[in-house]
Amino acid sequence: MTTYETALGASTPDTITLLGHDLARDVMGTVGFGELAFWLATQRRPSPGETRLFEAVLAALADHGFTPTAIVSRLTFLSAPDSVQGALAAGLLGGGSRFLGVTEDCGRFLNAVVRANPEPDDWDALALDTVKAQGKARIPGLGHHVHKNGDPRTPRLFEIAEEEGLAGPHLSLFAAIGRVHPRVLGKTLPLNGAGTCGAVLADLGLPLELLRGFALLARTAGLIGQLAEELRNPVANDIFLSVDTNTRSVAPVEE
Amino acid sequence: MTTYETALGASTPDTITLLGHDLARDVMGTVGFGELAFWLATQRRPSPGETRLFEAVLAALADHGFTPTAIVSRLTFLSAPDSVQGALAAGLLGGGSRFLGVTEDCGRFLNAVVRANPEPDDWDALALDTVKAQGKARIPGLGHHVHKNGDPRTPRLFEIAEEEGLAGPHLSLFAAIGRVHPRVLGKTLPLNGAGTCGAVLADLGLPLELLRGFALLARTAGLIGQLAEELRNPVANDIFLSVDTNTRSVAPVEE
Amino acid sequence: MTTYETALGASTPDTITLLGHDLARDVMGTVGFGELAFWLATQRRPSPGETRLFEAVLAALADHGFTPTAIVSRLTFLSAPDSVQGALAAGLLGGGSRFLGVTEDCGRFLNAVVRANPEPDDWDALALDTVKAQGKARIPGLGHHVHKNGDPRTPRLFEIAEEEGLAGPHLSLFAAIGRVHPRVLGKTLPLNGAGTCGAVLADLGLPLELLRGFALLARTAGLIGQLAEELRNPVANDIFLSVDTNTRSVAPVEE
Amino acid sequence: MTTYETALGASTPDTITLLGHDLARDVMGTVGFGELAFWLATQRRPSPGETRLFEAVLAALADHGFTPTAIVSRLTFLSAPDSVQGALAAGLLGGGSRFLGVTEDCGRFLNAVVRANPEPDDWDALALDTVKAQGKARIPGLGHHVHKNGDPRTPRLFEIAEEEGLAGPHLSLFAAIGRVHPRVLGKTLPLNGAGTCGAVLADLGLPLELLRGFALLARTAGLIGQLAEELRNPVANDIFLSVDTNTRSVAPVEE
């Protein structure tokens, strides 16, 4: 008979444990939610500094106003108000390669270089090689369509990582890319916040395959905020009507 | 021209604000993730006590081992490993009336009574009327299929609420239901943890229409933990095979 | 050891069966897709007339232009173009109580009356009682916000059902409600197409708990059409920008 | 003001059109569901032969018994029976790279070769080059873990395509790959049915970016069948219990 092992939640008639600890006595009332999310993902309890840095990333990614994911969540709630889970799930499904993917792409990109070059003498030289090797391909995390002169989240994430003694090789490489890329690209692009979040999450040792998942966790809190605001001050129907009233029926492609 | 208002995330080329505050300076590094989730949902910054109680609820609901939602998330990740967002969304879609719904159902049930009876003289008398009025209908939050002698999360939630001075009418009524229901039902059932979470969230003033959303937020962290564990120690394919190898083909109903 | 029974798909190294038939030889090339969907849902092969009526329902529900579900699917595809399954799933999640739910609500509503009154002498008398019993509650399927003088799909569905000899008690009752409700409500409302679809599906003997599912099946085809059109003639980014550029940041509710 | 164009559904108070045709008069009762799905995706009405071949593909992909997607849909329905849309959406979310992706991967793979070699003199020579160029990479559509001696759907799809005069370059190349690959790989693998479906859909001129979408459309019908069977003969709770009762709690990775 197959046995399924887990170190996460478990219960008997008299006890509930989570990650090997008594849930009620040792986790509830003691462990913050960001700390718990980190612990669940790594099965390692983070230090207070790690928790602070991780929660700074979650704050950076939680909500960016009327993004497609927020619009999708509100429209789905309009159509199916009986299913909050559907509205949240629909919003998260937009968390793919384009809108929420930068965090993961940047973390993985940096990690591939870092693993191949574990103890570089000169970050700038490594960064220069890295940027050149990309050729015409985009460097994940470089550039922002709005914050062209700098994304305010980026220096703050570096600052918190430094304060907590947690700036590791991913942030070092990313910073170096920020310094050297103009020599190759001929123009200066900002390091964006979503990419910096990926570098931070990689430095924190979180699983690379799931970096997008942390962006989605942050966004779940943001989407609940969006739905709460939709309940107080609804706009989804107006968004729908703004499309509906500006629709023009055209002939099919072929006929 | 329609205008869409939001108090959540906003940005200009040089600034990013969240809930009216400078995101980088005033939120990142300062505001914990549970605190932020509360703030986003209510647009009111919680006190440290409110945050602690809210995070205790999130811990209570984050992961319960191989629940249907966890199995669903792992199986979806097995089928579509390229789409973490799909695996999380699929898991959340099980957060409906049966498995994650108790929290919301209990919060709403208690709230309906509390609103109709704003300042009762005697909670036990009100609880007795409430239990009687249900007739044969289930009282949300009462009973647990595993923790028949008491759910360990329940007293802990009451305790933290008391410590923080945040036990309000929903918890008072729920506690009273716990005391009086044996007189009506002829048997003693435990107040379950998921229901108590609903009472706590209602006492914290969180939007009743979204109580299920907080269970889903907690579960998102749990599902990331499940996927991380699946990456390290995969079981989804074994679960699939345990079904596949025990399948029996039968004749259609009619033919 | 538990055994899991199914009459649907099954395979051995040399054979594949579906619903007890050899898939390649007896189903592929012979059974149309609407016919197959009916067969899968009921495990009973429909007659050609049943298939024609069922496919008329699916056509009636497949696409209604830029509905919230279509907008959601397009926006999700914009955000996560690597995940077609996510874009379709997000669109379907809007298929809840408000936008796609009328079909199921109407079918269930009629069925409750039909089951309680299996062989009425007089459909109009039964309909009159039914309308009166609703009091101020809405009658599912009655009224349409655009087609105020009549939904063109409604008479066509009645016509096809008559042609195929498949008009049963649900359609009879719904037609009678259409005749008598003005006497109670004091105004004449059209029987809408989505509601009529529910009556037809109930008359066809499809499972009531899944009537919404057939609307979702029809809509899946429609959403693929929406995504195909989005690929040729994209509008999702314009929809996003029309929201983004008309956003106004306001102060949080409390602070 | 932005205008949003569509050739799909449109309505005025008195009319409803779909693809430029009067929905009630010209589509309902006349156009089958497979035909309509093809038409919606291409905006071109398929011939009867195209419809027959397309519907054969949909039948081939509709249901394969207790796959992960079927299990996911049933478990989600168990957890959230109030949300049929959630159960279907969750099932579809498993339609990613591994389980339902072969159809799309194979169609795209063949198409890349076909576009680069529009009128080859010798399909076998082209196939040989194609197989060699893959090196150690898998050729999509080649091999099947159960049907090792041949997938029964494959010859049937070739047969129907021949009968309808619709075997095009994608099927020609795929057949040639089936003939020549043993010379390169040193072993004979079957052309699987899901891959052949991709070749057929590409030959039919359906949009390559959405080939996975047609597998998902077929699967939606299959999942409704699964949920209907679950209602009659439930197994989801047994599947859950078979996991739950064989769970073993282990220590976290680090601690």
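Letters A, B, C and D mark the chains in the order given here, with residues in each chain numbered from 1 onward.
The working rule: contacts are C-beta pairs under 8 Å (C-beta built on N, C-alpha and C of every residue); 3 or more make two chains touch, one makes a residue touch a chain.
All of these numbers come straight from a predicted model, not from anything done at the bench.
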When B-C is set beside A-C, which has more C-beta pairs in contact?
A-C
Most distant chain from subunit A, judged by the mean position of its C-alpha atoms:
C
Just curious, how far off is subunit D from subunit C if you go by their C-alpha centres, in Å?
23
Just the number, please: Cα centre separation of subunit A and subunit C in whole Å.
37
Geometric centre distance via CA averages, subunit C-subunit B, whole Å
31
Sequence positions of subunit D contacting 2 or more other chains
2, 4-7, 10, 42-43, 65-66, 80, 82-83, 85-86, 89-90, 93-96, 100, 239, 242-243, 247, 249, 253
Can you tell me which positions in subunit A touch subunit C when the two form their complex?
65-69, 71-72, 75-76, 78-83, 86-87, 89-90, 93-101, 232, 236, 239-240, 242-244, 247, 249, 253
Considering the complex alone, what residue numbers of subunit B touch subunit A?
2, 4-16, 18, 22-25, 27-29, 31-34, 36-37, 40-43, 51-52, 54-56, 58-60, 62-66, 83-86, 88-90, 92-96, 100, 146-149, 151-153, 155-157, 159-160, 163, 193, 207, 209-210, 212-214, 216-218, 220-222, 224-229, 231, 233, 235, 238-239, 241-242
Across the complex, what residues on subunit B touch subunit C?
1-7, 10, 17, 19-20, 42-45, 80, 82-83, 85-86, 89, 93, 243, 246-255
